[in-house]
Amino acid sequence: MTAARPALPDRHPSEAPPPAVMTAAATAAGPRAVAALDGVVVAYRDRVVLRGVDLAIAAGERVALVGPNGAGKSTLLRVLAGLVTPSSGTVTLGGDPVATLDRPAIARRLAAVPGQVTFPFSARVEEIVALGRLPHEDPFRGPRAADRAAVDAAIARVGIERLRGRDARELSLGERQLVLVALAVAQAAPLLVLDEPTVHLDLRHQVAVMELLADLNEQGGTTVLAVLHDLALARHFFPRLAVLDGGRIVADGPPDRVLSRERVRAVFGVDVALTGGPPGR
Amino acid sequence: MTIGGRTLALARLRGRRPAGRLHPAALAVVGLAALAAAVVLGVGAGSVALAPGDTLGILLRAAGLPLEQTWSAAAETIVLELRLPRVLTAVVVGGGLAVAGATFQGLLRNPLADPYVLGTASGAALGAAIAVLIPVRVALLDLGLLNALAFAGGLAAVAVVYRLGRGGPLAPLTGLLLTGYAVGSLLAAGLAMTMYLSGANLRQIFAFLLGGLEGSSWLRLAMTLPLVVGGSLAILARARALNGLLLGEEAAAHLGVDVRRERGILLGLATLVTAAAVAISGLIGFVGLVAPHLVRLAVGPNARHVLPLAAILGAVLLVCADLVARLLGEIPVGVVTAVIGAPFFLALLRTARGGYEL
Amino acid sequence: MHLPPPWRARALPLTLVTIAALALAACSAGAAPPSSPGAVPTTSIAPAATDTPAPETTASPSPAPAFPLTLTDDEGAVVVLPARPERIVSLTPATTEILFAVGAGPRVIATTDFDDYPPEAVPLPDVASFQGVDVEKIVGLEADLVVAGGNSFNSPDAIARLRSLGIPVLVVYAPDVATVLEDIELVAAAAGEGAAGAALASAMRAEIEAIAAAVAAGGGDRPRVFYELDATKEIYGPADGSFIVEMIRLAGGTAITTGSPTVFSIPLETLLTADPEVIVLGDAAYGVTAEQVAARPGWGGMTAVRDGAIRPVDDVVVTRPGPRLVEGLRALALAIDPTAQLPPAPAPSVAP
């Protein structure tokens, strides 16, 4: 089932140097964008992390959020998930402001795959994946047949059948990441958000995760937003990149346009030319 | 029977593979049977030897069966007024401590947490010590000043820890744990001072600190039962939130758990259960730590299974420990649980796989 | 889980019936122990529940029966004894001695495991130890009177437990000599030996007054006396206002105290400044001798050590609030002044 993906408009805001408040983004993606940030400012007592972020994600998109360390990428994700309240600006999920949604409602619209997770107790893989059904479970009776079926489907979808019955603490980092993705898949939310899912992974697992995301997006219609530090991976696997620098989106569009050599030098402070095939293998 | 069951659990522990998970319902049935056996054993044994037939007869007649009374009034008093309330109190206290321990372990994501980790023990002990110092003898419904102040002290300590531990630069869990440690130490110093000033009443305070079920009576049980059972059921109803916290507070939030609210509610309920248990039985250690731990090893971390099974196991453990304490000449039951629990726990740590990630 | 019905609600009517039946039996048997009216000042004799008997024709003058009896113990609790207790449990060594001294010994069925006097009491079953009171055993022995020690000597919880099960518990606590004598009468009355108790108490009172008068009249001033309880680590002596202070005063000395009613230790400097003229070794039973004391570093400066006035006593008789207290007073008086002229000890009192 492939959701119709809207073509990226030519007037997509991108190369304009900061600061440029861009409200066109929200309008471009449509009023019921899966997720949208509009002029979001996040300021703490001593510093400002996000200085007016505009980002809109339509259903079925696959977006990578890149930027140097400290740019505010993780904060952006947390704002989206309603964990951080912006000082100004609006955040919407599925068209509704996050501030009006309670946590279970948010959980049904957004599934987040955490980057680093520790397991204080030993738990089997399928028990971890089953946690993804929490927002759907009956609070008293617990998981029902539909929930169990969803868990099985998620495990199959992510391709970790061979890990069934294993203690999650004994898995390699790459395998753990896949388990956490399966958890998010089981959650069956329209938007999947990942925060640096490929940290510490070897190349094989990095590629596996990226291909899985592409598969979920293209075959399953899940909207994906991933924070990545690896530009090469982002460029290769994601048709749309948003560059966050100094608390603002300074570029947003296809990798070729966004990751030009000048842009990379300006944002990341290093002079490299990124090569590789176009997105969508 | 229960000792054999524990050995069996240990054996399973050593050769454990995650595939060897036990079915929770089966384990519950076995546990309840063990509990019934332990209760009968506990009621049948004591410093006065009673014929087992008499004991059984007394129990059945009390339950309503029309039996002839072939035993002395003293025997009936011993069984029904002394032993039965005591054993049932052990069931309630053991179960409550285990549930509270399981909750704290899940809340704090720390398998080494026990019901006293946030200062309940020190607060209750200080409350009890102050009560002993006050030269007023009050007793309302079999509960004296000691019980009341122990209860209040336990609750107050955790309330203080909660207020102080929130906010601040540290992550909420770390903040809670460290504040609990600091407040607990302060209260312990207060306790030491109070004990120093207590003079002849030192024994009473010590007896409380070491834990004991000698003062058990039907009235006390009736007062504590609703708090412990009600609190435990309320925690069980929130098992979903506890499960969500398995991967951390942020992951739980993403899964739809209102973390701040649930943390406060679960903390409050678990502390209520602990304080109620401590108020009538003093500080009994290890039950709240070992029971949930063992159960988790057998059935996994799902709170819906862990909470009730831990309650059953905790009850069995305490009934047996109290029986041993009685037969060894009324040594404090906290000593028995420590003597059994500590080496057991060490064995657990040695055979545990992969260490503990916190 | 079905909880059994509240037992107290069921037991109460049962107990009332039992009391009535026992009272009936006691009165009809007419076996009231002889007691001289007014000899038991701390008790009030409740009227019999049934008809009063009229045993005027018997040989011994028998007044109104002593039971059922209502007493107030030393902690203010009201103790009701429906009949003369036949199965008495004593939870302190002092009360054991009292019971045996007033003739209730044959009816004592259990004591503590640290009772040591009289010899007949030692082999009795133990229902209490330093760890506490075995309530279950007491119930199993079907005791009808328990005599316990106040001020937390016996666990207040255990006392409350026993009372809640319908067993009368008489709690005694004597912080001074006068109360010891009152307690002797109280315990004796509870055991149904009121006359013997009154006689013993008045005899002891007379002897104590005689000894006190004798040492006071002996001339000379009261020496400063330090009663050593223990000196293995810190020095422990009498606290202000404690029992020993009074005993020393009665025995003709002035007690050196710790300076506070709640502190039992005294620093060496304070003791040196107080300069005892006599050191009485209350810890002599633990092997402490005069030579050892004299050899302690720093103690040589005390008058008592220079004069060699370090004398042992049996701590038990000096401090135990029981019938042998007079012996203790004698021993203490002689330890303070070996040349004291004390009135001769009367012939050993025979229990009626």
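Should a chain be cited, it is by its letter among A, B and C, assigned in written order, with residues numbered from 1 in that chain.
Basically, a contact is a pair of C-beta atoms (placed from the backbone, for glycine too) under 8 Å apart; a residue touches a chain by one contact, two chains touch by 3 or more.
Predicted, not measured: the structure shown is a model, and the values here were computed from it.
Counted as hops between touching chains, the shortest connection from chain A to chain B is 1. Inter-chain contacts peak for the pair A-B.
Look at where the CA atoms of chain A average out and do the same for chain B: the two points lie 44 Å apart.
Separation between the centroids of chain B and chain C, computed from CA atoms only, is 41 Å.
The distance from the centre of chain A to the centre of chain C, each centre being the mean of the chain's C-alpha atoms, comes to 83 Å. By the touch criterion stated above, chain B contacts chain A in their complex at residues 18-19, 21, 105, 109-111, 237-240, 243-244, 246-248, 250-251, 253-258, 296-297, 300-302, 304, 353-354, 356-358. Only residues 46-48, 62-63, 72-75, 77-78, 80-84, 137, 139, 142, 197, 199-201, 203-204, 207, 214-215, 217-218, 221-222, 329-331 of chain B touch chain C when the two sit together in their complex.
Residues of chain A that touch chain B in their complex: 81, 83, 102-108, 110-112, 114, 117-124, 127-128, 131-132, 134-135, 137, 139-140, 142, 165-167, 169-170, 187. Taken in their complex, chain C has these residues touching chain B: 2-4, 6-7, 129, 131-132, 134-137, 139-142, 151-152, 155-158, 160-161, 164-165, 262.
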